[in-house]
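Note that the chains are named A, B, C and D in the order they appear, and that numbering of residues resets to 1 at the start of each chain.
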Amino acid sequence: MARKLSMKDAINEALDQEMSRDPTVIVMGEDIVGGSGSPGENDAWGGVLGVTKGLYAKHGDRLMDTPLSESAYIGAAIGASTCGLRPVAELMFLDFMGVCFDQIFNQAAKFRYMFGGKAETPVTIRAMVGAGFRAAAQHSQMLTPIFTHIPGLKVVCASNAYDAKGLLIQSIRDNDPVIFCEHKNLYGHETDVPEESYTIPFAEANIVREGGDATIVGYGLIVHRAQEAADTLAKEGIDCEIVDLRTLSPIDIDSVVESVENTGRLVCVDEANPRCSIAADITATVSQQAFGALKAAPQLVTAPHTPVPFSPALEDIYIPSAASIADAVRKTMAP
Amino acid sequence: MPKWGLSMSEGILVDWLVDEGTEISVGDEIMEVETDKIASAVEAADAGLLRRRVGEAGEVYPVRALLGVLAPASVGDAEIDAFIEAYEVPEGEDEGEAEAQYEFADTVAGRLRYARRGGDGPAVVLIHGFGGDLDNWLFNIDALAQQARVYAFDLPGHGQSTKSLEEASIAGLAGALGAFLDAVDVGSAHLVGHSMGAAVAASFAGDSPGRVDSLSLISAAGLGEEINADYIDGFVSAQSRRELKPVLLHLFADSSLVNRSLVDDLLKYKRIDGVQEALQQLAANLFPGGVQQTVLAEKIAALGKPTLVVWGAEDQVIPAAHAHNLPGATVEIIDGAGHMVQMEQASRVNELLLGNILG
Amino acid sequence: MNDVFPLGKEDLLKAYRTMKTIREFEERLHVDFGRGDIPGFVHLYAGEEAAATGIMMHLNDKDRIASTHRGHGHCIAKGVDINAMMGEIYGKSTGACHGKGGSMHIADLSKGMMGANGILGAGSPLACGAALAAQKLGHGGIGMSFTGDGASNQGTFLESLNLAAIWNLPMVFVVENNGYAESTSVDYATAVDSYVDRAAGFGVPGVTVDGTDFFAVHEAAGEVIRRAREGGGPSLLECKMIRFFGHFEGDAQTYRAEGETEDNRSNRDCLKQFRARVTEAGVIDAGALDAIDGEVMAAIDNAVEQAIAAPLPGAADLTTDVYVSY
Amino acid sequence: MRARGPAVSTAKPVVGIIANPVSARDIRRIVAYAGNMQITDRANIVLRLLAGLGAVGIERVLVMPENSGIRQHVVRGLERSGNLGEARFPKVEYLDMAVTTSTGDSVAAARRMREAGVAAIIVLGGDGTHRAVVSACGDIPIAGVSTGTNNAFPRFQEPTTVGMAVGLAVTDPELGEVAFRGNKLLEVEVAGRREIALVDVAVVAERYIGARALWHTRNFQELFVTFAEAEVIGMSVIAGLLDPVDRATPEGRHVRFDNSDDPACRLRAPIAPGVVETIGIESWGALLPDTPCPVGPEQGSIAFDGERELSFSTGDHPTVTLRTDAFRTIDVSACMHYGARKRLLHGERAEHITPATQPEDSA
């Protein structure tokens, strides 16, 4: 039965249900149980933000706290996935990829190709992404474009609790390595979520709002900013269609092109830095595939080409705002 | 602003269909309203002179908001202004209702979701069709509840009921219906079935005539062999919005009713573990190769129960001609409606249903 | 089994055949690569045969090994088909990886060979994963990683020792110490050149053996593998090795001492030592070994002929097998 | 403080150090929780030896090269000490020899040190390493610091003290007599080849050398020991627990094992660190000097001081002979007591002090 659930709880439920359904699913990461071997409470944290809280009580040692040793445990998760397990490894913050990236992009991503199609690597790497948490330059980045650049990886970023549960279950059941990005500022966001297990297929964008004047494309937190912008613009008689990409690799470019063919205007929003971002990629692809349909130059709204600042005053203007999205749409409407 | 179904809390007044000063009679279409579920014309529940259009086209209004004022010409404008001024959206039972929107019954056929509306009056049970759920009745349940105790439930494999089917057949689903009646402690009821749900109702009536007071069969399965295989196969196999939307267009005469949220809701349902298997089993057993396996016409006729058959003239799933395969039944073919006639022409259908139920 | 050797006659012959196959496979590549028949670059295992063979004699297909850039010997000893290997090295569609991996990425998961690896030290965490899977699934297999003296300076290797220790993984770390990290001597590049010491730092017991002595490797490996299999936890096995050829083919090896290679070939050749041991002990007569030599040479010739005759991959293969589904 | 020893000495004696980097690396680490003397510990021991030697005036030390890290660490230590302006270490020279990282290195180093005329050799290792050195050092006295696994022969003593004792022994001409001790060894002849053992010779049935170290008693046949103490670890403790004999007594022990199901006698003995095995004993007795004793079994292999070294087969007829006074070791304790009596380590003004009680002075 559907009921309101936060994205955090939806992710917890997805892990719980998959662990119950499939004994080969294990979950590992730093502090995902919390307090292992300590004199106090075990399952003390359930993840640094409590996403995995309570799972240890149900599934015991199929949840494993790891040492602060990303290369070792991310690599172990990847190795185990080629040997009959379906590990879900939590890389606390995607920013930490720097200390284990070889295992992800040189190993997991390439096994199937290098080994002539003989390997399957059903590993899911969960990680927090995104700014707005006052976590500064090394705990706030939206590094999704770095992963979408790598053939062999799949990249997911949900904008709401319903999608998060369905996409995570899909990721765990998927036989390729998946980077599952969780925007920490959406953990508290609630939507209707069915109690039952369900999946959302990859490469299916979600049209969260239909409109005929302009197409706004984004993913994660940005989708909510886009909705704010669309509400404002509706009052000005500008009718926006919002495409939530949901998965960045594979990516549902057809839905974007279809929408642009209908609206003739494209605004790509991305919390990542601008160079080689998802926004830049979509703009290029749409310009190529639907050039004739464009009534105005596509607009990009991204973070600036800077690290994520700490000071709230700066961080708040770092993330693309509803106002800047609305301005970009107005630009495309200008005669 | 009308309340269509249990989850509706607000609606957009798309446009007025009548001008101020129009004399309105019951059933006239007076405005277009759209919810996140469906768009439809609002039919007048009362007659009178439309003195004032309060609601503005394009605006969103909460359920029970004041959209217009009917009053005799004798009433002065000042009085009307005062009324509008004083009008407050009734709190209604919304909060309490929100809790009571859905209930669950643990039956021998598994956990079944249902809605219960209305107090006194005869028991009425609404049975949705293949791939549907109790929200298919969202334009009917409240209207019927005015004069009856109405139950609408999700069949196994559907909506939010258990997704596992004891037996993927009409008889199996009829068994679940019996189990539901036992669980909610209803001895006998007036059965209203849509499409496959009609066949379920009929089959149940054949097995336990004593528990059926009347039969109302809408766009019914089980009255003939033909059924649109493209629709069934398309519905079962569709994996994406792109694939599902064209299939759903078969359901309505007015294709604009197939909006994004209708498609999304069905996709969400189809993506729940077990649903795909359930639908495949049912489709394979009930309509292999586009041929209905269970034809109950004679059986039903033999029962001699008060029987109503309603069909949308433009039904693209099951031919309306099947309506005439049931001798002795009251038959009504409604123009400007498709397979989902109970949604597209709700007030007419509600009228007919009450007629058959209250005799 | 007999009272003279820990292995029966059949096993001794098998061990010799494996070592000889590795040797001739590499010697042949050395020649054919020099002639320009083989694309890319290859790292040869010649001289180190006793280690791969002495260890792999104790493993079965459930046991997973993560190999190195110098992986041909591990592949052959683990049972990977030499025709498929040769095809792969020649970049043919008949190769173990349909020509998409090449010398540095030969893998055969059905044989428990998780892949040679072009990234030094990357195999240790992966093998820990194999060990973790074996532990969780309880199928009695083990994980084993191979690293050279050079890659054993990688953080991945040290992190893996720690992980294997805290989770008591059924894991064996094999350090193949041939004295040179590419061209750089262990003496220079490794602060404390005892990999047993490194393991000890993590509470992992370690043993150093003469990697050119099949029997020394076989006995020590048997013990560390048995312990891993039976819940005794991880161990480290350091094999002091001899690399006959350069780091890669084409390496002039000017960093070596005068006459070093000649001395190695004449005095520290594991195949010669093995042959002498078993024949002098009168357990196997030279004739049987000569017969194997002949069969091996024929098999290698056949593998090369097949590889040369095999079709190249087609353009359509370029974009296949990136994902299971996409 | 200026030591007196060097003052009276005109010669400039040179001391050799042989530190085996690969001792304590065998399979007993795996099967028996044996200790693991780390490379850095060994290097630090060498530095402490050097400090001890330097403190008593030794100015030049020859060291065996190796490439397992000891040398690197020692050289770094000497360099850092120099940078700090310390003058605690003598001049260190590494022998110019090829490194094979095998016991052959210890043998070669001992030979070269003898040729270079060193006054003494300090050995870091276990029984195996000492055996290698003795096989090549001739009459050069040795002093041992235990860094091995089975250490029946060398005892662990603080290296600084060992360095000082050796320094005194080689610089004070009178000290020789009290400092040096004669030792027994076992000589094995098999098919014309001669091998020695300092502590024990074990005969086992299997004929492969494998990982060399003896770590189980399957197929044990015979044991010969030069001396047998009851409190040591290794093969010799078997004899030590049956019928001890000390290092000085001019006889050894000979034990025959019984691997049958009901042996004449059963003995529990710690044959390796962490390994206490029950062993079937057939008989034991004295092993007299210079009397070749034939080995029982027709074929098998022989372990010297705990390491399987050579195998023999029918017709080889190995014999074991006990030799007394076969090589010299330095008695660290005796040296230091002598040094105390002779006030070798007292400063200038020590002469003028009149202690409450005069030390006994035999010299």
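Please note the rule applied: a residue touches a chain if its C-beta (ideal position, glycine included) is under 8 Å from a C-beta of that chain, and two chains touch if they have at least 3 such contacts.
Predicted model, so just to flag it, every value in this text is computed and none were measured.
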Apart from chain A, the contact-linked chain sets are B | C, D
Any chain touching chain B and chain D at once appears in the list none
Contact tally winner between C-D and A-B is C-D
Chain centres from averaged Cα atoms put chain C and chain D apart, in whole Å, by 37
Taking each chain's mean CA coordinate, chain A and chain D are separated, in whole Å, by 66
Between the Cα centroids of chain A and chain B the separation in whole angstrom comes to 38
Touching pairs here come out as A-B, A-C, C-D
In the complex, the residues of chain A that touch chain C are 24, 26, 62, 64, 66-67, 69, 71-85, 87, 102-103, 106-107, 111-120, 151-152, 154, 174-176, 203, 250
Touching chain A in the complex, chain C uses residues 64, 66, 95-101, 105, 107-110, 114-115, 117-119, 122, 124-130, 132-134, 136-137, 143, 155-156, 159-160, 162-163, 166-167, 320-326
Per the touch rule above, chain B residues touching chain A in the complex are 102, 104, 113, 160, 163, 239-242, 260, 264, 268, 271-274
Listed in rising order, chain C residues that touch chain D in their complex are 3-6, 179, 185-187, 190-194, 196-197, 200, 205-210, 213, 215-216, 218-220, 223-224, 227, 235, 238, 240, 257, 277, 281-282
Touching chain C in the complex, chain D uses residues 21-22, 25-27, 29-31, 33, 36, 38-40, 67-69, 71-73, 98, 101-102, 205-212, 219, 299, 311, 313
